[in-house]
Amino acid sequence: MIRALLPHPLLALGLFVTSLLMSGSVGPPSIALAAVLALATPQVMRALDAQTIPIRSPGAIVALAGCVVIDVLRSNWAVAAIILGRRRHERQSGFIHVPLDLKDRYALAVLAVILTATPGTLWVEYDSATGRLLLHVLDLVEEDEWIHLIKDRYERRLMEIFE
Amino acid sequence: MSQAILFWGLTIAQALLVAAMALAAWRAVRGPRAQDRVLGLDTFYLNGMLLLLVFGIRTGGSIYFYAALIIGMLGFAATVALAKFLMRGEVIE
Amino acid sequence: MSVADLPAWACVVVGLLALAGAALSFLGAVGLCSFKTFYERVHAPTLGATLGMALIVAASILFFTLIEGRFMPRELLIGVFLTVTTPVTLILLGRAALFRDRTEFARDEAADEPEPSTPSLP
Amino acid sequence: MSLWDHHLILLPILLPMVMASAMLLFDERRRRLKSVISLTAMAAILLVALALLHESMTGAVDGGDTARVYRLGDWSAPFGIVLVADRLSAMMVALTSVLGAGVLAFALARWDRAGPRFHALFLFLIMGVNGAFLTGDLFNLFVFFEIMLAASYGLALHGSGEARIRAGLTYIAINLTASLLFLIGVSLLYGVTGTLNMAEFALKVRTIAPDDRGLLHVGAAILGTAFLIKCAAWPLGFWLAPTYTAASAPSAAAFAILSKVGVYVVLRLSLLAFGDGAGASAHFGQPWLLVAGLATLAFGTLGLIASRDLSRAGAYAVMVSSGTILAVAGVGDKAVLGGALFYLIGSTLACGAMFLLAEVLQRGVDSGGQRERAVFDDEYRDPFDDDERNEPGLVIPAAVAALGGAFLICTLMIAGLPPLSGFIGKLAMLDGLARSVSPASIAVIVGLSLSSLGGLIGLTRLGVGALWARDDDAPELVVGAAELAGMGGLLAACVLLAIFGGAGLGFAEHTAEWLGRPDAYIRAVLGTTP
Amino acid sequence: MTEFVLAAAIGVLSAAGTWLLLRPRTFQVIKGLSLLSYAVNLFIFSMGRLRSGMPPITAKGAERPELYADPTPQALVLTAIVISFALTALFLVVLLASRGATGSDHVDGREPAE
Amino acid sequence: MSSNLLLLVILAAPFLGAAVAAGLPRHARTAAAILSWLVSLVSLVSLAALWPRFADGEVLRLAIPWLPSLGVSLILRLDGLSWIFAALILGIGALVVLYARYYMSPKDPVPRFFSFLLAFMGAMQGVVLSGNLIQLAVFWELTSLFSFLLIGYWHQNASAREGARMALTVTALGGLCLLVGMILIGGIAGSYDLDDVLAAKSVILADPRSVVALALVLMGALTKSAQFPFHFWLPRAMAAPTPVSAYLHSATMVKAGIFLLLRMWPIFGQTELWYFVVAGAGVATLLIGAWCAIFQHDLKGLLAYSTISHLGLIVLLLGLGSPLGAIAAIFHTVNHATFKASLFMAAGIIDHEAGTRDMRKLSGLYKFMPITGTLAIVAAAAMAGVPLLNGFLSKEMFLAEVVAGSDGHALNAALPVLATLASAFGVLYSLRFILATFFGPPPTALDRVPHEPPAWMRRPVEILVALCLLVGVLPAITVGPFLRSAAVAVLGFDDLPYYSLALWHGFNMPLLLSVLALGGGVLAYAIFGQKLNTNPRGGPWGLKRLNGGYLFEKAMTGIVKGARWVESRLGTERMQPQLRLVVLAALAAGAAAAFAGGVAIRPSWSSPGASEFIFAALWLTGGGCAVAAAWQAKYHRLAAVVLMGAAGLVSCITFVWMSAPDLALTQLLVEVVTTVLLLLGLRWLPKRREDIQASRAELVRSRRRRRVDLVIAAVVGLALAFVSYAVMTRPMVEGISRFFVERAYSEGGGRNVVNVILVDFRAFDTFGEITVLGIVGLTVLALLRRFRPASDSLPAPNQKQARERAGPVAEGRKAGDALRDTMLIPRVVMRWMFPFVIVLAVHLFLRGHDLPGGGFAAGVALSIAVLLQYMANGARWVEERLLLRPILWIGWGLTIAAGCGLVAIGFNRPFLTSAFQYVNLPLLGQVPLASAVVFDLGVVLLVVGATVLMLVALAHQSLRRARDDAEAEQAEGGA
């Protein structure tokens, strides 16, 4: 019953909040609208046969988020520095291959978003057959360090959350 | 004084964003390859959106929020289409 | 509350946040122009899309919260959606570039001058 | 006022629109249903239009010397949009309906099956044209222009085919440019006068600050250019002949009214806003109309003579007709204008019939849209390849005689020879022009006479070729009952116009006189005395 | 100065659009029409004169027209945008059809005979 | 019976008969003939019944109003002149009908022939009975028209078609001139009524315009009567069946010109122009016609030229301007009609029975058809002017008139000589006609043995010949009274001169000339007869060059060629020049108006603030993008799309900057959709390479073209910038906007004035605008259903092919895996975005009335949501899951919008009247409800339908391509 009404609870919550924010008010009409939208809209996802995302470890999410924020800040700084011309000569960019154990596509999506949103790294290509990820890195100092970073900081946590 | 900081802060922010747009446009014009141009457009959109946000602050009106939101939510559709065209030669297959 | 009644600290904070965000964004654009290869350039705008955007959004939220006297972080929506969507574009673009470089069908519909630096093939 | 009566003026616009939208809700394969719907709609529109016409002739107030005004959304003019039906509008709407009914009947024989959604597009076209005639608002006019054009793009390409597409591309490009000019003109007029309502605009023209008058004229000139493009005035009308020639017969026939929309607007605006009472703007642009009209007349006549097939001749006949009216409008004599209005009715019907006739006569031998190369992808064949579809319905006997008669009537109408209404209109114009001898009127007299002769020369040459000198291997002439009914209806209207020429001409002259008194129009729309 | 900038913008857009409109390739023409419609939209908009920061969104109650930008041209532009969007789409399809039927993307459906 | 009714019968009966005959079945030859005969008889009897009414110059009138405002009524006016012409038309008509019954072959559609003949008869009656100048011109043109149909009756023959066209062209040209002339005369006289015009003689002659009018009228008369130099159409018209020639081209239609001259004679008869033109044309025609007649081999050709000559004679008589001349003209008209009609019929009989009309093949027919031969001999004698026959009488009068007037001008002095010469020619060709046909050795070249025709076919000839004799012997009794009444009608009762219709006037000059002519003719035949019959030199001696028909045809082809040349020179079907013209015309119109009216600019340079500079910088970028887009559009189409997007964004920002958030939203959304559309289209356009070089000449040309275009573009830009600047720097005018702002909330129920305008104040615009969108959707669908891509666009794009190739196939991957991997991440994001975009659209829609947004924006946002799914997942995937029926959406959208408007009508308010109300809902509080929202809902549905339709229809082309390829492959594999 609940599943029929709320196939994707997280999505519904997200939509509810989104709708409220869009209304820009918390008056009764806005809440009513948000509720209606939060209940009604996810029904279309049924048509798009999206699977429900099982969330295993809420704590890991927080940890991951914090991790990402810090990394983003750090790499912003790093890239800004590069652009401003410091370390112009020693820097070298390039592709690296990262073997991933992650299989869940939502997890992969989140990883892709994180990696790409972080300045300095770009998710380029993922081969689902081999689980190999091709990554472009702006400041490629040590290939193994990057691989380690990704597997350790992100992949592990993502596996915790999704698998 | 603080008002002046606010004013000039926002003004310079706007100027910087416009300059950023100009640079992005330059990239779009120069290329050299198609992906550079698309990237330029994406950056252009991004900075345009930020400009709208700053403009909202400057004028104190929240009405412009939606324009920015639409760029944020849907602006990428155009770039995705472009990128997909580059990659596949076809936008919808 | 109108703009004139805004407390001094808020003025300064909002102004500086916006300025910083814009500066970061600008820097990203500079990078876009100054880097030599596409794969380098593709990293630059992320500056504006992440921290730059975040700073300006923060400025906006702070400003409107004070002006309207209630906490309504609408601009967060922009932040969230932008964070989610920008990578999609960049991933596709990177993919496209890589693929175009790999298969040298030289001058097609969208082709321009060839990339000066040869991309590394995996 | 009864419910029906009050909203009467809306129906020529709303009926086709509602019927067309309703049709979209049904599957395209239900052809019979769609035919019935569109025929019903057309018949209803015709009735409404005739009622409007009747009312405008015999209206309760001032013996018909007022206009019926409908305030859309219940907002009063000049703020809301108003529909205005005066004698001219009613006449044009009635003309559209008659033409539309004839063309639709013709199309039902087979052409409605040459491509998808013919009926809906056709009704939308009628809606657009009627709207353009009825609206009293400049921007709304633009909107109806676009409806009409959008539908005409669809209809011009109806049936597809290389020639149609090739001509259609030019047609669309030029009309899009014209639409942009229209927008520039309208907005400029708004920027200077602050209004969009035609009646109020006319008032503002009289009182505008001298400083702003120049800008006003610039706006009017640009707007006028846009309309002249629509009228196919030389040198802006070269798109017309290829497009109309390539278009399928019913589309081309329906298009006969399109250029008249341009003519209508030119007449309406120039007489309303730039009439005698417009102060320094009086008769603005009139000499240009004269020049453009004469040039169009000459070019159209030459084109008619040069034509290699009948539909092309029909297209040039449309140009001749626009040129004639523009030139007369350029002379600016009210007495002559009545004749021109009368001529407009007859020539439009005749041009329409001409396109239909051309299709029947050239069937199988034409190089129209689709013969040269099949352009189908999923169905590589002629639109009428299918045997079951190829029949134009019930075939009538003595086709040659009937078509010959029809052709004769068309020729007489287009060349303006006695005794049909084309002649009456020309006679009325010549009569008026001969009364006031001026270089302009002499030029127009010469132009009109020569165009008659040219029309005769061109059309007899083509007609003799199409009817008398048919190749042995040319397919036998066949005409379906529906096709003949469509053509016959249009031509019968021409004949009736001649028989009741006195009444018709009287109406047209009365209309011209009414147009010469814009104050009455303004009063009717704005409810104030200017 | 704002007026000057906008006027110059309209000028540049329309000049670029006109130039493209007169080119021989269909794609150029459609781009020209789009650029021109940008220019025309701005032109219509400019007819209501320029006002910054006064969107025509009224407060409830006392409405003083002086406080708002002229809404009428904005409404006109909206209509114009929609219509020009529709017609651009149509033109695009027709030019594709023309290219398909004639094999050429020249505006006349055939390469200029030289 | 009242005279009015009789008059009406005379005119209407032939037309009614024509209508009935047209309806008869194809083979009803006899029925049609009887009908026609009855009709002409009825008319003739009616006419005869009217005879006693106007012996003394009275006039019968019957007016039927037609075009009162122009003073044109149908006036039937019968006087002596009309009567005699009408009698001629009906009488000979009746005989011709009889003749035609036997002449026409049953293989032809004879009822149609009779129908045309009767209609022609009616038209002729109309001409002669006209009491109104315009009416005369109308029926005049009708005679041309029916003559055209009759000449072209055997339209299988090219000569018939050409003859018909030529006759029509020449006579219609004359008719048009006549019409204009009549209008001028009517304008001068102040009335078109013939009686008024005749009464206004002095006014007309005093007006300088009358010269032009006369010239035009004469043009009409001379063309119709086949006068030099317009005579050439008549011989060509001989391609008509012989009854037609007998009727139209000898007795009636060609006499219409004479009739007209007679009608105008009282007014213009004495003017200089009249004399020179009419008499000059007459004498030239008289001689040339006679001369040419001598050399014809075709019987009908001979008769045709003879007709021309005789018409010239009559015209000359009229041109002399003397009353006696006019009387002689009338008399000869009647006489000519009788003998020439009978001769034509005789020629027809010969043709019918002998199978040819060629005098070189004919010979000695008298033995085979003695009666016909006798009749022909008598008629030919009348034609030659042999005494005791009618031709002699009128020719005497002619010669007398010529002699009497032989003073003054040189032309006058020469006239007696010329007239005698022409008469001698007449004798010569008459002799030749008879001798070559009926006498000499029996014919050898004929296919069959000739014999006498059926008796009833000969009857008409007999009657006519009898008339010739009767009039010739007893002129005063037979034709006298009619001639007198006709003369009275022309000359007036008081001015009627003395004339005598006696056979014998004593020995006088005319008689001498007659004898001279007879003798000369006989002598000439004796000398040249044999030579003429073979005529080794061919054509008329000395006049071979003067082949009017040939020249005319040359002229006609010249006109057509010239018209084509002009059409190609002054017109174009190419798009570029046309667009250039459009742009230039608009520029010129605007510039002309601006220079004439003066446009003042009042610049307002308030010291610019920082934000103005930012704005300027913004547009520096935007303008740069626009220019770059223009520059790149040829070779780098994708770049152009990108740069256009940038320019579009700048204009969005401008909208925001200048307080138009709604515009910004809409423009942004449309921008996205347009970009995708263009990209969808780009796939089907050909590759364009910079490295393909055109020829040198082409390069030079195109460079010049570009330079010109660049100038035009720059001027357009400057002009538009100038105008907008001029307006922007002016103070705001007080307009309709005040009303909108003031009432938006209180009466429209919305705070967003723009939106209230769109859905309420000017909802009708929006109503129209969505209709446009819907129509375009339909058109796109129709076009794409039959879309056929060019061959070089057929294969899948390089990228795709290469992609499939490039994937490491070895590791057990399937085709398509590559795509799935590529789109893995975007697909997840875009799929989950879907509900969020829907929420956004709902918000845009709901808030529209109060804040920026609205139905259109919501609709486009929804379409983009769908579009994203298409891009991420592919069309097939989406369509398996989402049921989209765009056409239904369009239909419902329009229906809802219209229905919303119609609800108001239910409350007896105008269409689209909106209502709004604040409703108190439990829990939610006060919620505004405006009926305009429903209207907006229609907008949303339509926009979604139309936009998705366009995108999907375009996208499906690739799919279909792929499917077709697969099918083709399958078929190949199977084979």
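Labels A, B, C, D, E and F are assigned to the chains in the order they are written; within every chain, residues are numbered from 1.
Everything that follows uses one rule, which is that a contact is a pair of C-beta atoms (placed from the backbone, for glycine too) under 8 Å apart; a residue touches a chain by one contact, two chains touch by 3 or more.
What you are looking at is a predicted structure, and each value in this text was computed from that prediction instead of being measured.
Indicate the lowest number of steps between chain C and chain D, counting one step per move to a touching chain.
Contact-graph shortest path, chain C to chain D, evaluates to 2.
Would you mind checking which chain's mean C-alpha position lies nearest the centre of all protein C-alpha atoms?
D
State the chain with the largest centre-to-centre distance from chain A, centres being mean CA positions.
F
Between chain A and chain F, what is the gap in Å from one C-alpha centre to the other?
73
With centres defined as the mean C-alpha position, give me the chain A-chain D separation in Å.
So the centroids are 62 Å from each other.
Based only on mean CA positions, could you tell me how far chain E sits from chain F in angstrom?
Between these chains, centre-to-centre, one finds 40 Å.
Give me the residues of chain A that touch two or more other chains.
Expected reply: 18, 22, 24, 112-113, 123, 125.
Chain E: which residues touch two or more other chains?
Residues 21, 26, 29, 43, 46-48, 52-53, 55, 57, 72, 79, 83, 86-87, 90, 94-95, 97, 100-101, 107-108 of chain E each touch two or more of the other chains.
Residues of chain B touching 2+ other chains?
Residues 14, 19, 21, 24, 31, 34, 38, 40, 62-63, 69, 73, 75, 80, 84-87, 89 of chain B each touch two or more of the other chains.
For chain D, which residues are in contact with chain E within the complex?
139, 143, 146, 150, 153, 157, 160-162, 165-166, 168-170, 172-173, 176-177, 179-180, 183-184, 186-188, 190-191, 196, 373, 375
What does chain F use to touch chain E in their complex?
Interface residues on chain F, with respect to chain E: 573-576, 579-580, 583, 603-606, 608, 611-612, 615-616, 619, 622-623, 626-627, 629-630, 633-634, 637, 640-641, 644, 647-648, 651, 654-655, 657-663, 666-667, 670, 673-674, 677-678, 681-682, 684-686, 688, 694-695, 697-698, 709-710, 712-714, 716-718, 720-722, 724-725, 727-730, 732, 735-738, 740-742, 744-746, 751-754, 757-758, 762, 765-766, 769-770, 772-773, 776, 779-780, 783-784, 786-791, 793, 850-852, 856, 946, 950, 953-954.
With touch defined as at the start, can you tell me which chain A residues reach chain F in the complex?
11, 14-15, 18-19, 22-23, 27-29, 32-33, 37, 41-42, 44-45, 47-50, 105-106, 108-109, 112-113, 123, 125-130
Under the stated contact criterion, what part of chain F meets chain A in this complex?
Spelled out, the residues of chain F in touch with chain A are 811-813, 817, 820-822, 824-825, 828-829, 831-832, 834-836, 838-840, 842-843, 846, 869, 881-882, 923-925, 927.
Touching chain B in the complex: which residues of chain E?
52-53, 55, 57
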